[in-house]
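Structure first, commentary second.
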Amino acid sequence: MSETKLQAKIPEGPLSEKWTRYKSTVKVVSPANKRKLDIIVVGTGLAGASAAATLGELGYNVKVFCISDSPRRAHSISAQGGINAAKNYRNDNDSVYRLFYDTIKGGDYRAREANVYRLTEVSNMIIDKCVAQGVPFARDYAGWLDNRSFGGAQVSRTFYARGQTGQQLLLGAYASMNAQIAAGTVKSYNRREMLDVVLIDGKAKGIIVRNLETGKIERYGAHAVVIATGGYGNAYFLSTNAMNCNASAIIQCYRKGAWFANPCYVQIHPTCIPVHGEQQSKLTLMSESLRNDGRIWVPKKLEDVEKLRKKQIKASQIPEEDRDYYLERRYPAFGNLVPRDVASRAAKERCDAGFGVNETGLAVYLDFADAIKRLGIDVVRERYGNLFQMYEKIVDVNPYEEPMMIFPAIHYTMGGTWVDYELQTTIPGLYAIGEANFSDHGGNRLGASALMQGLADGYYVLPYTIGAYLSHEIQTPKTDTNHPAFQEAEDAVKDNIKKILAIKGSQPVDILHKKLYHILWEYVGMARNEEGLKKALGMIEDLKKEFWSDVLVPGTNEEFNQELEKALRFVDYLETAKLMALDALNRRESCGGHFREESQTPEGETLRDDANFMYVAAWEYMGEDQDPVLHKEPLVYEEVKLETRNYKD
Amino acid sequence: MKFTLKVWRQKNAKAKGRFETYRIDGISPDTSFLEMLDILNNNLIREGKEPIAFDHDCREGICGICSLYINGRPHGPDDEITTCQLHCRKFKDGDVITVEPWRSAAFPVVKDLVVDRNAFDKILQAGGFISTTGIAPDANLIQIPKADAEEAMDASACIGCGACVAACKNGSAMLFVAARVSALAKLPQGRPEAARRAKAMVAKMDELGFGACSNTGACEAECPKGVSIAHIARLNREFLLAKIQD
Amino acid sequence: MSLSGLFLLIFLALHLALNFAALFSRELYESVCEFMDTNLLVQIMVPVLAAGFIIHILFSMFVEFKNWTARPRAIAYRVPNKSKALGWESKYMFVLGVIIVGFLVLHLVNFWAKMQLQHFIGGEPENAYDLLIALFKNPYYCAAYIVWFAALYFHVSHGFWSAFQSIGVSNSKWLPRLQFLAKIYAAVIFLGFSAVPLCVLSGLCG
C-alpha cells in the first residue's frame, strides 16, 4: 500500500554531484524566519550536540534534551579509537571515493550509495571544524595531524586523540552547544527522558518527557523534532553501551508511524573485555586501534588450553610455534585488521572449537609482545597507555607482560529509524540522525565511522536538509502544547506508568532484562538460524507476559525513580527484540553483522543473496499484539560493482 | 566476599538525610563496586525496600557521572579511577564501607547519592568554548607543536565528574575550570578568546558558591584522569594577565 | 593572599639578615638597630609592612569564610577526607596562621613596643641588645619562640610555592622545583631565626 512512503528522495545526477546539486537547489529559510521556528533535539551525543549547536548557530530556536545530569555524559564520550576522514594527509592514495568504497564494501553492500558518498564527502570538513573547536588531535613531531589505521582499510585515515577521541569530539560539540546556550539560541533540558512523540495532522509537533528528578510529565512543542538518541544495543543487557543508552525514543517514534529499518544489523565488536560472571552489568570495549599493533591468537593445542584454564601456565609461556594467529592465517591481506564482523565470527569459531582461553572458554588473546619488541615499551605506552591502564584496573592483569583477553560483545546497531536522503523519517517533521537512523553503514560499520557519521549528520547534513521541510512551515505559528494531541499523549504515558507501578510482582527489572539477554545473545547474536529465531520470538512473547504480570517496580512516579526508568525502557526493549528477531528471520542471507547459518560459504564466511535481499527492510508498526508489516526499499548500486567481500588477498 | 555498607539515604533535596546500614554477601572480587550496589538494590527491591539512587552510566571510566565518596575518598580507595572502575578486590572481606554523596554547597543532593552538578555546565557556558560559527579553514593549516597538543590533551582529559570539588576541603572548582581554560589556552585557536574566557569562567565559578583554591593538591590526588595542578597555575596566569589588561 | 604572602616572605628574609648581626657583636647589632630607627625608607616601610600583615590576615579570614560556606558544617563528610594532599600543612594554613599571629603579638610586645614604637611616639627606647639577651636567657621564652618558628616553617613551606602557583608563575616543570625551594626557604627561615635564641641560651653570644 504505502510503498510511496519509502521514497528515499535521492537526487538525480552522478553520484559525486548529488549532494552538491541537492544543496544548490534545496530551499533555505531566511534568518528572520529561522528565529520564529522551534526545533526539538532529543539526545546530546555527537549527532545531537552537533546538530543543536549548528541549528542554534543558524538562528533556529533549539530545545535540546538529555537524560543525564549534563549533555556531556552522552555515550559518544566512550568512543576510543578515532574518526575517519579522506584527507589523504599521509599521501597514501586515500580519497573520498576510496573511503566511500571501503564503507560500502565494509557494510557488505547493504547501505545506500548516495548517503555514504555524501558522508565521505563531508568527512574532511568535520576534521577542519573539530580542529577549529580546539580538539587536541594527536600530532607528529613537526606538529602536523597524525593518523592511524583501522579495520577494513588499507590506508591510514583515522584521526585520533589518544584513546579518547569520542570524548574530545563530544567536548568540542558540547562546547559549541554551550556557546549557543550562552547566546540564547539553544535551551538545554537535562535529566529529561522522552516518553512519546506528539503528532498533529500527521506531522511531528512535539514530545512528552518525564522530568527524571521530580517525575513530572512535561510537554514541549516545536516545528520539527530531531531524534539523536543512539542505537538499541542495550536490548541485549550486556553490551558496550552505557547503562542509560536505550531504544525508547526510536521505538516511541516507531509506534507513532516512523518505520524501523534493518533491525537485525547489529555489530558485535571483537575486542571487548570478556564476561567475568553473572554479576556483570556492562562490557568494556578495548579500542579497535589495538589491532594496529596487537596480534590475535589462541593456542594450537587443546592441552595448552586446558592448562591455561586451570591456570597451570601463563599465555606468555606458550611457544611461538604452538600459537594460532588465526586472523593472519585466514585473511593474509588484512590480517588482524579485518572488519569487525569478520574478526568477531573468527573468534567465535575458535571458541566454539574449544580453544577459548579463560575459565568460561569465551576469550582469545590480543598480544602486544611483538609490538613491544618492535617499537619499545614507551611507544606502546604512548599509543595505548590509557587502554592498558583501563584493562589492568578491570582484569587485574598487566597487559605489558601478559596478553590481553578479549571476546566479542554487542557494540553498535547499524539498523535504526528509516530515513530518506534528507534524514527525515516516514513521519513528516521527524528526523533521525546518528546511530538512531539506519542509513550509512549497511550490514556492518567500519571502525572510526560512527563518529564520522554522527558529526556529519549534525554539522553538515541535517542543518541543510531540515530547511527543505521548515521552509514550508514559516507561516505555522508556535505549537500549542494544549492541543488535544498533547493531552492524549500525556494521558497515555501516565496510564502506562500507573500500569507498571501497579503490577507489584516479584522480579526486579534487571532480572527480566538478563533473561532477555540470554534469549538475544543465544538466538539473535553472532550466528542465527530459522529455528532459533522462531524460538526466540516465542520466548520474547513469554517474557513480555512475564513482565506485565510479575515485574516489581518500587516507589512512585513523583520522585527520582531509577527502577521506573528501567522498566519503561525494558518495555521498549521487548519491542526492539521482537523487531530484531523478525527481521533476522526474514533476511535469509548472511551479510555484515547478520550471519544466518543457512547461508554461508564452505569456509564459513558470510554468503549474501543479492538477488533476493538487496533491499532495506523497513518495518511498520501495526499495533501492540500484531506483527509489523515489512516494506522494502530496493538498493540500487550505480557506481559500485557488487562483489563478495574479500579480505584474504 | 561480604561487606557491611553504611550508605547515605536522603529522600530528596530538601529532606534530611541519614546513614542506613546494609549487609551483603556472595560478592565476587571481580565484581565492580557499582555492580555490587546493583545486587544490593535488587535485594532491597525484593525485600520491599527502596533501592539506593546513584548516578552511573558508561561504567568504563569516561562519562564522569559516577560520584561516590567511599571511605573518605572520592571514587574510593584506588588512584586514577572513577567509581565504576573500582572493583571489590580493592577491599578486604568483611570490610565496613561508608558511602556518601559528593558534599559541596554548589552540588546539592538530588536523592541519596545523586548530586546536581549543573554548576559545571554553567561555568562552561560562561566561556569554556572556542566560537566556531560556519565553515572552518583546513585542519592542517596551522602546525601545533606536539608538546602543546599533548599538554592540551592532558588538560582536556577532564571528565567533569567533580571529584576535585568533592576532595577539596574548600569545595573549590579550580582544577575543573583550569583544565578547560588550560586546554584551550595551549592551542593557537583558543588564544583570541583566552582573556575573556578566563575572566568569565572564574567569575561564574565564584558566583556559583565554589570555594577558593588554597593549593592543597587534593584535587589532583583524586582526579580520575590525573589532571595536574600545573594547569591551575596557567589559569591563574591567564586570569591575572587578563585582569591587568582591563 | 599570594602577593601579600610574598611581600611578607621578603620581609622575613630581611629581618633574618638583621638578626644575624646579633650573633656577631653588640656593636654591630646596635648600629643595625640605629639604622633601622633612623633610615627614612625603613620609616616608610613600617606602616606598609603593617598593612601587608593586615591585608594577609583579613584576606585569609575572608577566604576561610568563603571556603566554609562552600561546604558548611551541615553537609560535612561522615568519614573525614583521606585525599592525599600535598602535605598536611596545606590543609591547616589558617590554623598555622592563627598560631603565628598569636606569637607575633607576643613578639611585638616583647621587642617592637619597647624599641621602634618608642621612636614613633617619642618615648625612650630600651637598648635592643640588652633586651634580646635578657629575654632569651629565659628558656621558656626560648622554647616559645622556637615553637613559633616551627609553625612558621610549615606555613612558609606551603605558602612559598603556593604563592607562585597563585600568581601563575609556575608550570609542570617548575611546580616541583618551587616546592623544593619552598622547603629550603622555610628551613633557612626556621634555622636562622632559631639560631639567635639558641645561641643566647647556650651562651655562645651575649
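Here are some notes:
A, B and C label the chains in the order they appear, each numbered from 1.
Here is the rule we use: a contact is a pair of C-beta atoms (placed from the backbone, for glycine too) under 8 Å apart; a residue touches a chain by one contact, two chains touch by 3 or more.
Predicted, not measured: the structure shown is a model, and the values here were computed from it.
Considering the contact criterion stated above, no chain is in touch with chain A and with chain B alike. Nearest to the overall CA centre, using the mean of each chain's CA atoms, is chain B. Ranked by how far their CA centres sit from the centre of chain A, the chains are topped by C. Per-chain Cα centroids separate chain A from chain B by 27 Å.
Work out the mean CA point of chain B and of chain C, and you get 37 Å between them. Centres computed as Cα averages put chain A at a distance of 62 Å from chain C. Within the complex formed with chain B, the residues of chain C that make contact are 63, 66-67, 69-72, 75-86, 90-91, 93, 158, 161-162, 164-172, 175.
By the touch criterion stated above, chain A contacts chain B in their complex at residues 57, 68-75, 77-78, 87, 89, 125, 127-134, 136-145, 161-162, 164, 167-168, 171, 174-176, 178-179, 181-182, 188, 190, 213, 242-244, 276-277, 279-282, 284-285, 389-390, 393-394, 396, 506, 508, 510-511, 552, 554-555, 559-560, 562-563. The part of chain B that touches chain C in the complex is made up of residues 6, 8, 19, 69, 71-74, 98, 100, 103-106, 151, 167, 169-172, 209-218, 221-222, 228-230, 232-241. Contacts from chain B toward chain A in the complex involve residues 11-12, 27-28, 30-32, 34-36, 38-39, 41-42, 45-46, 48-51, 53, 55-65, 78, 80-81, 85, 87, 89, 110-111, 114, 116-118, 120-121, 124-140, 143-146, 149-150, 152-153, 156-157, 159-160, 183-184, 187, 189-190.
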